[in-house]
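Mind having a look at this structure? Questions to follow.
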Amino acid sequence: MSCPTSSWWRCSCGGRPGSSAPGSSSVSDRTNLVSRVLPAVGLILALMVPFYLSGFWLLLGVMVMAAAIGAIGLSLLVGTAGQLSLAHAFFLAVGAYAYCWFAGAPGPGGGGITLTGLELPPLLAAVLAVATAGVAGLLFSPVAGRVRGLYLGLASLALVFLGQHLLFNLSSVTGGFNGRGVPELSVLGFELTGRDPELTLLGVPFGDRERQWYVALVCVVVASVFARRVLAGRPGRALVLMRENETAAGVVGVPVSRYKASAFVLSSMYAGLAGVLLAQAFQRVVPEYFGLVLSVEYLAMIVIGGLGSVTGAVLGAAFVTGLPSLLSHYSGLLTFLAEPGTSGVDPAVAARLVFGVAIVAVILLEPGGLVALGRRLRLAVRYRADAAGPGDPGSPPDPVGHSALPPQDMTTASS
Amino acid sequence: MLEVGRLAVHYGKAQIALHDVTLTVPDGAAVAVLGANGAGKSTLMRALSGALGHHRGTVDEGTITYDGRSLRGLDAAGIVAAGVVQVPEGRRIFTTLTVEENLRAGAVLVRDRVARTRRRDEVYELFPVLAERREQRAGLLSGGEQQMLAIGRALMSGPSLLLLDEPSLGLAPRIVGRIGEIVREINRQGTAVLLVEQNAAMALSVADTAYVFEVGRVRLSGPSAELRKSDEIRRLYLGGDAGPEQHGPTKPGERAPARWSA
Amino acid sequence: MSEDTILRVDGVTVRFGGVTALDAVSFEVAKGSVHAVIGPNGAGKSSCFNVLSGVYRPVAGSVRYAGRELVGMAPHRIAALGVSRAFQNLALAGDQSVAENLMVARHHLTRAGFVATGLRLRSARNEERRHRERVREIAGFFDLGDRWDVPVGLLSYGERKRVELARALAAEPELLLLDEPVAGMNHHESWAMARQIRRARDEIGVSVLLIEHDMPMVMALADRVTVLDFGRRIADGTPAEVSADPEVIRAYLGADEPTSDTTAGDDSANAGSGTVGATTDGTATDGTTTAEHV
Amino acid sequence: MTRLLELLAVGLSLGMLYALIAMGFVIIYKGTRVVNFAQGSLLALGAYAVARIAPSAGFWAASVAGIVITVAGSLLIRFLLSRARGHDHMALAIATIGVDVVLTTELTRRIGPDVLSMLDPWGAATVRLGGVTVPQARIAAMAVAVVTLGLLLMLFRYTGWGVAMRAASADAEAASLMGIRLGRVATVSWMIGGALAAGAGVFMSTFPSAGLDSHASTIALAAIPAIILGGLDSTHGAIVGGITVGMAKSLTAGYGSELGFLGAGFGDVMPYVLMVAVLMWRPSGLFGTREFIRV
Amino acid sequence: SSKATETADSSSGTKTGPGVTADTITLGALTDLSGVFGAQGKIIVQGNQLYIDKINAAGGICDREIELVVKDHGTDVQKAVSLYAETEPEVLGYVQMLGSPITSALDTDITDARTLTVATAWSSTLLKNPDMIVMGNTYDVETVNGIDHLVREKDLKSGDVLGHIYFEGDYGNSALQGSTYAAEELGLKLEGIQVKATDTDLTAQVTTLKSRGAKAIVLSVGPRQTASVAGVAASLGYDVPLLANTPAFDPSLLSTSARSALEKNLSVMTSIAPFSSTDEGPREVAAALPEKFPDTQPNSFVNLGYASALVYAEVLDKACENRDLTREGVNTAFRQLKNVDTGGLTSALDFSATGRQPSRQTYVTKVDSSVPGGLALQGPATESETAEGYTSAG
């Protein structure tokens, strides 16, 4: 098999690093159980979080979940469909700003700007914002028809710069440099992401962060289940073959340009949703945020998590979004570090250094990302458990294959 | 002389591909390896040429020595430097390079410019179509042309042991014949050859000895002439022209799927 | 086009820069037949398949299939018409299992889109189940049953080749294009494969257009053979006729014993610019344009 | 008219800088297929080393030391990447982001609020060429870029390096089966890339720039359109791309008020617009290796 | 549930709120220590620290010690927002918040939570936030005063072309508002060019201004850009006065090749006194800095940090007087400060009304490498006639 040169994302054919070993069906019962029970337990824990943790943690959680949605979208596009994109920040911005514009009220903004806005019901505005992001993706997808691989990735970067330029300059929509405030998401006067009306559950006041947590949780669960199913089903298979060999995919019956467009649309809709949620968390959207660094961070999320995997995208989002905050939150505990303000290595610098090292470490340990790392650890544990159990651990598993020669004694003429 | 002793190889997690394989290629000899799909022939080649790592495979035990020197610890480039060169399965030509550059890439270890040019001309002589296409991107060649290029490229380094993994794959009968001749010719000039082939007739006509692999083990081995006479070999690898009906599915009892009606 | 002709290729010409890969090639494939295309390496056989499956657009000529013109049609539309192809150089998704690789061939037979799949609507679930069963059956037919869950990248070359074939058949085609289906298989395996191809024709009723260098197999399997050399058709006829054709022997077989797949000597390696086969209708084209990927 | 000429000269001089930066990216990509996101911080590392050493040892000795240090840095990255289990180029590229974070953070801490001077011999000197002024430092940058390109061309022509590099990046396994030492190819690519980064870092911090400050590493990103324009794996593409981007920037900045309708600050977007336009015309840049799939 | 709800309880007659206990008052500083503005952030933190040390040594405020919680956002908006959420419940307010994208993003949070915050920037948009402390006059007023100075002292005449090179964003826009106003008032033709922080070679911009015949250039950029402009202008033989806003100069520029050009032509307009000022406040800073932070080079940003903490302390003193250390109380106290004397660190500050400049007086300083900090005061802070008629649009 010769290497399709379009596979910019790995060097050669043969087994994909970290792809699952064959013959795992023997343990599928157990893994099935684990894969069913684990998410349920996780979900219950996630539902309980707002009753126990403070605003900082809730906000961190909301940001991680929002990023996870964005990362799932990007993973669909890059990992599954093989369309490298660095334009994700742009689509996030489209979602965030479109929501603000659809739901926002006209009026004076900062710096002498008069803002416009449609004052639509927030939920409708959110749906429209996601749709707008999808349309933006659709409009960009023809470029992917012509430009491939890394070139496509870096070409899409142009969208980020163009986008930021627009955000700064279209100030009646975006508020310009100072951005614009984010209307609360609400249904019939009940704010899903704000504080109005006041609400107390089991003695815990349910303010904006608590509510946002649940909104984000619902979104992330729906988004990941949806993505997982798409990947396992008909569209997913078509996208994967398109990634591996575009021409062959067409011949096999996959309408390639339509699928490319669909991948861009779906991915940017995910980004749009992530943008809406992030806007809720920030309560103000500023153009500065939606830059190159953000795009690269999303790429880092899906690679660190494991390309093409939904779980990976979520893990990667937690890693890239959560880790720096956690590190700086706890870096104060490292008392041997210099005081902030001195020129030594202070906690802030240490946190950043650790973050950088962590990125390198994850990838060196497992280029397949956190999912692959997790899978490997699980396998290692299982092997150890199996070895301790009955059966002969030393005997090699049956080589797979089939016999061509009938088992029949034949004089071996040895040389 | 290449000596492989009790070689065992596995891929990834416990996918055993070779088991207790012992085999020798005497200096200047031509040895053929036959076997069904998945028998482990390519795995053997990869183990010899140091390419297993690229497939997440590892040698578990056994020895590989060439001229008394162990190849097991060497990387692929080191093995080439020792004179052992492989034509990989599936051609693996450099698709973005031109034909000429592919040949040049095969000769990176050859310092002598004159020798390089001479070998290149020899390759062009062997495969004139490559000379016609010398400026074309290799990836655009036809399947058979790519196969010729893969063989030519391996010849460029002037190996003392040539490992050929299905060199006749996808070649027209006339060229297959020529490949056989070429291999014989290379061999006559002193290069030892280890040849994996599905075209058993050609392989046995070229090789002095042959090994038959089955599910990761050496099932049979012996002089080509003797193996040629074996009924089993004739039936499975050479075939008296029996026609398709003589060859049932490899597993009995498979029904043909009925016509699909949606 | 007569009732029992499923495919008619007429005067197809393909050029790449200076290379004329196909030069006014014409032939017909009868419905329910196995039709072989043979010829030396680089003769233009795969390019011909690329035209049939919509990958290359010829500068001249037409391809009629079941009453439709295929030239200019997008590859996926051609696939939807029931033309399916197995590639010479495997084109599988390496990290996907055999199952997924075969299922993708059902694309044009299935409907579930992003929304239906993502929401796991009943229709999508049923469809998936029905087609999976069927595909499993086809995998069994190609002896891939026990490889069902294995990622294709971990299979040996010959096994992958079988997956490629199974995928082509899994598309439930009317016309099956097979590009060197038995390359990389040993004698026994080749014949087993030949048998499967014949059974597919006999029992499922597909028409087969086949490129192959394994002459004994072509002789045994094909009802009719077209021979290409340097992009031109040099012969067309029954296997017996073709293999006796001196032009074919000179350009392709290179031996006096045409059906032998063993060694043979031929020194005139590059004597291919011989006369055009008798039946070539030689539609002249000026064609300064090159063929393009579509 | 003179204004146009002047702006073109400015663009050329700015373009030389981008060309140097771009060339570093290109060499590493060519040899290893890794897009080195740490190139920016390597640049800053080189300039930082020169700035620290120059006061005691003089500019030239400091430059040599700076190159050595940067090459050591880039070899460290290469070593780290070689430890990775697998050869997924994307993953490796992301790993270089990690390296970049570490290096940038540490350099920012060390540079502090300072703007460090290179103490280079050119200073603020300029030459007049046909009525337009070009800084000497930029002429030196141009000389370095052209000489490097020349040396690389010679290297590629008279040794197997060019082919070996391209073969290694086309198919690593097959290349190693041909006796190409992947490790050595990678090492040499990273060394050249590192040395170029140091050079670019120095010229980035000489006149008409003020010197090196803690923002330095972000500036390398401005060279991205140059790399793509020219073709990711083409060294002369890097030079052409660099000059094109320099021209585009200087012209849009110079005619900013005439182009006011495009919004303020369009000069930074212009190279990207140009880049996309070129890609739509030639999907692999002006000189990049064309990608294709044949079935 | 283990999650506590916050209550503002009172003890010993003084009402308290978040960030205040019986013996400490906790203040936050959200700044950049590791990112692109890390260097500046660090120095301002040092200034904060110096003054807080002084207060604590003198027994604190309201019998409480002042504690400073420093958090690094690395100029990353997302991180800043989450750091704000993290620190907000534990602090009374912020003695420093660096970076205008960040102050913009947190604008509403700050008003919601009523955390009195010193914005370490001078854009006019900050003025409308009732809980924001701006240390001096905003960039627009600074610029108006500066241009007026050019006209009075540097032979700039009505009808002349005035160049203005500015960053995109709040800083540049704010300054541009000022220069637009001043140009109109003084009959100048304004030629504005926007640049980015990543532009370090401003040859094209200077060439353009030269060909347009600009007689002076206002610089609302970063130090590197300032040096580049000065250097390029000198090499082109383009000898015009340059006028820089507060953030556009850093003393380390004096070790670059642009030094002589800067010394010759650059004046810096600022409401923060230069390090070399001989007033009481700056002298105090100059004496304290080498003791605690011997590595830090003299820089007027230390004065800024010091003055910020000083103003905050004044607010707290007032609040203590009012016996109300809740956030509302602190804000009330803040608005009662009509005339804060920073000992010459800044011009006198009046915070009594939201939306108004705390000060309309600006120092004119000149580059002088012989004095610590590189800037020499040219006289007391003054408000120009032109500026008197100006009101910020923000």
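For clarity, chains are labelled A, B, C, D and E in written order, and residue numbers in each chain start from 1.
One rule holds in what follows: contacts are C-beta pairs under 8 Å (C-beta built on N, C-alpha and C of every residue); 3 or more make two chains touch, one makes a residue touch a chain.
Chain-to-protein mapping (UniProt): A, D = Branched-chain amino acid ABC transporter permease; B, C = ABC transporter ATP-binding protein.
Quick caveat, the model's predicted, so the values are computed rather than measured.
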Selected pair, greater C-beta contact count between A-D and A-E: A-D
Far-end chain from chain C, centres as C-alpha averages: E
Most widely separated chain from chain B, with each centre as the mean of CA atoms: E
Chain whose averaged C-alpha position falls nearest the assembly-wide average: A
Chain C-chain E separation of Cα centroids, rounded to whole Å: 74
Rounded Å distance, chain B centre to chain E centre (Cα mean): 74
Chain C and chain D, separation of their C-alpha mean positions in angstrom: 48
Interchain centroid distance [CA atoms averaged], chain B/chain D, Å: 43
Overlap residues in chain D, where contacts from two or more other chains coincide: 105, 109, 112, 170-173, 221, 264-265, 268, 291-292, 294-295
Set of chain C residues in contact with two or more other chains: 46, 55, 87-91, 143, 154, 157, 186, 188-189, 293
Multi-partner residues of chain B (at least 2 other chains): 11-12, 15, 35-36, 38-39, 54, 90, 92-93, 95-96, 139-140, 236, 250-251
Residues of chain D touching chain B in the complex: 160, 163-164, 166-167, 170-182, 289-292, 294
Residue numbers on chain A that touch chain D, as the complex places them: 3-6, 8-12, 14, 17-18, 84, 143, 146-151, 154-155, 157-158, 161-162, 165-166, 168-169, 245-248, 251, 292, 296, 299-300, 303-304, 307, 343, 345, 349, 352-353, 355-361, 363-369
Of chain D, residues touching chain C in the complex: 292, 295
Touching residues (chain side chain A, partner chain E) in the complex: 51-56, 59-60, 63, 110-112, 168, 176-179, 181, 202-205, 209, 278, 281-286, 288-289, 293, 321, 324-325, 328-329, 340-343, 346-349, 351-352
Touching residues on chain C, where the partner in the complex is chain B: 16, 19, 39-47, 88-90, 109, 134, 137-138, 140-141, 143, 154-159, 161-162, 172, 180, 183-192, 194-196, 198-200, 203-205, 213, 215-216, 220-221, 252-255, 259-266, 269-270
